[in-house]
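Lettered A, B and C in written order, each chain numbered from 1.
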Amino acid sequence: MTAPGIESPPGIHSSPGIESPPAPAVLVRGLRKAYGPMEALCGLDLRLEPGVFLTIFGPNGAGKTTLMKVLATLTRPTEGTALVGGKDVVRDAPAVRKRVGVISHNTYLYAQLTAIENLEFYARMYRVQAGRERALALLAKMDLTRRMNDRVATYSRGMQQRLSVARALLHDPELLLLDEPYTGLDQHASRMLAEVLEGLRDGSRTVIMTTHNLQEGLAGCDRAAILVEGQFVFDQGVSEIDASGFQETYFACVHEEVLQT
Amino acid sequence: MKSGSKRRAYATSALVIVTFALILFALVEALVIAPREATMGDIQRLFYFHMPSAWIALGPAFTVVFGLSIAYLATGKMVYDRWAGASAEIGVIFTTITLMTGPIWAKPIWGVYWTWEPRLTTTLVLWFIYVGYLLLRSIAGEGPRRARLSAVYGIVGWIDVPIVFLSIWLWRTVHPRLLTGHGFDMDSRMVTALMISLAAFTLLYVTLLVLRAGTLDIAAEVTALQARLRRLDRRGGGR
Amino acid sequence: MAFFSQAWAIVRKDLLTELRGASTIISMVLMGLLVVLVFNFGTEPGTQSASLARAGVLWAAFLFSGVIAVGRSFASEKEAGCLDGLLLCPVDRGVIYLGKLLGNLILVFVTGVVILLFFTVVYNVGIGTSWLQLLLLLVLASVGLSTLGTLFAAVAAGVRARDALLTVFIFPLLVPLVIAAAHCSTLLLNGKSLADAGLWPWLLVVYDVVFLAVSFIVFDFVVED
């Protein structure tokens, strides 16, 4: 399986009278991240157009979380560049943080604070205008209004995850990073999360999701990629993928990489 | 071997030989040539090792750590972190020597093992600070995170030392009876022996630093080469 | 200014969390009182009550209880990855430092007052008219402890070090603070004023200012990855 690496943006062609194509939402070139002697990302390239929902699959240790951390500015690349909305993650980190929302298996919620207190706190940190109103609106959207004055410690995992989604959306980010968001959720909570994520697919936001879950991951996305040992070994638009055979494709990719080392 | 590293190997060998010779010279000076101190006797000769050790500890060793820590935070180059770590290790050794020779020398002469004299007390606090630095390095894993955290500690620790000295000096001025000093008159031949010893110890510090940091540099180079090899290996495997 | 209002938001959050069930301040006060108690059994009873020798007890208690506070200030963020949550926000890292510092300062100061009161009762020392100056002294000492304490708590959190290790890191650095504070408190408890304390209060001020500045500058490096 060869790695196409950079995919040409679908449907964009230059014509007279039309302006240059919009800047990609995410542009990564030659990204390397090493933790001591271990390389988590080995020269990664990625170009993602605005509004696209990309799902990245890969085994543990493939580098999925590392990639998310670089894009979220939580960690700096050892080499290479990463641009989010045209801003460099190292040089313009605050500008990138304003545009990025993160949902992961960590909820980033303060257990002793109530839902509304958590949201108001983050609204203040993101300098969201009319923070309280926005928080209330998001609580309503996530169907948490009834319990908004309860401490997060009393929430079920599924509710915490929904609140975490609300937290990520407070500042209306252009790019959403979902790092294995289904971890630890039961069937019911998973379905609710899937519905919420489906609701986010209105084309106004770019989304990158990493997951182990082949079924759910493939169902909701525009583009699928497989990351193994710090490099992309598969990257295609979902219309070109045979969903039923995807599992075999995935195992073939992972297995082959494992054979190489 | 590349010509650059050959030159470096020769220079290092030369440094070791010169240092060895100077140390020998200093030993002879201190133990034989310098005159016997009138009241204290031969035990005073320990001073020729105690004082230069203290000088290395309070002076260059940790100042180098401070400077390299700033350099690391400013540039991110790991070589500064490696040399800072090496300097701290050597500094702790010299500090330990100072703290051990002090009481050995003080007991026969002043009858007490320890005095809360500013320099000695500061050296003790210094010992704790830099042992803490080494402890931090040992639990922090490797790589840039350890470098950053130790750099912060190296900077804060060094700034604290003069303040510690000042506070103990002030303390001593307020309670002079209790805290004795380290004084004695030195004739010119003793001064000579001391100067030679100082030079020898300083050169010893430099040599140890170069040797130790040099080993760390080589180890880092090996690790980097191994990583490159793994990358090429992967790429060559039909992707 | 957004900087201060954001830092204050962090302080409020931490104090709210504390009030709602974290037991930090209780542990701190108990630790401080216990240290005074235990030291008392090891020293000669009845000698000059407010001597410099006794002052060591007071400030040892202050230090041990203070380390608990600063140690918890970043430990609480480890739950649910909250430190990452803060780092994801487009806030200046100095805001995080200031917020944590102020939170610790409040805890350390309040505990310090309780320990001081206990100390004066146990050793039969009158506070008299110098109570205001004693409070000022406590403020200066609390700032000194919180400044370096918050910085090193972040360092320790970065390497998952335990409380004991944090103590090992900061105690040597706090030596000037202890010496200066002990001299000042002894003078004050003996009826003198800070004006009689010569350079000691100034040493504390210099210590506070220097390490506040240094910590602000280097904090970014400690929390970034």
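In the analysis below, a residue touches a chain if its C-beta (ideal position, glycine included) is under 8 Å from a C-beta of that chain, and two chains touch if they have at least 3 such contacts.
Only a predicted model underlies this, so the values are computations on that prediction, with no experimental measurement involved.
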{"item": "Label of the chain whose CA centroid is most distant from the centroid of subunit C", "value": "A"}
{"item": "Chain whose Cα mean lies nearest the overall Cα mean", "value": "C"}
{"item": "Between subunit B and subunit A, distance of the C-alpha-averaged centres to the nearest whole Å", "value": "49"}
{"item": "Centroid distance [mean C-alpha coordinates] between subunit C and subunit A, Å", "value": "41"}
{"item": "Geometric centre distance via CA averages, subunit C-subunit B, whole Å", "value": "32"}
{"item": "Touching two or more other chains - residues of subunit B", "value": "141"}
{"item": "Touching two or more other chains - residues of subunit C", "value": "224-225"}
{"item": "Residues of subunit B that touch subunit C when the two form their complex", "value": "73, 125, 128-129, 132, 135-136, 139-141, 145, 148-149, 151-153, 155-157, 159-160, 163-164, 166-168, 170-171, 174"}
{"item": "Interface residues, subunit A side, partner subunit C - complex", "value": "69, 72-76, 94-95, 97-98, 100, 102, 104, 106-113, 117, 121-122, 124-127, 151"}
{"item": "In the complex, subunit B residues that touch subunit A", "value": "141-143, 223, 226-227, 230-231, 233-234, 237-239"}
{"item": "Of all residues in subunit C, those that touch subunit A in their complex", "value": "2, 5-6, 9, 13, 16-17, 20-22, 79-82, 84-92, 224-225"}
{"item": "Subunit B-facing residues of subunit C, complex", "value": "148, 151-152, 155, 158-159, 161, 165, 168-169, 171-173, 175-176, 179-180, 183, 198-200, 203, 206-207, 210-211, 214-215, 218, 221-222, 224-225"}
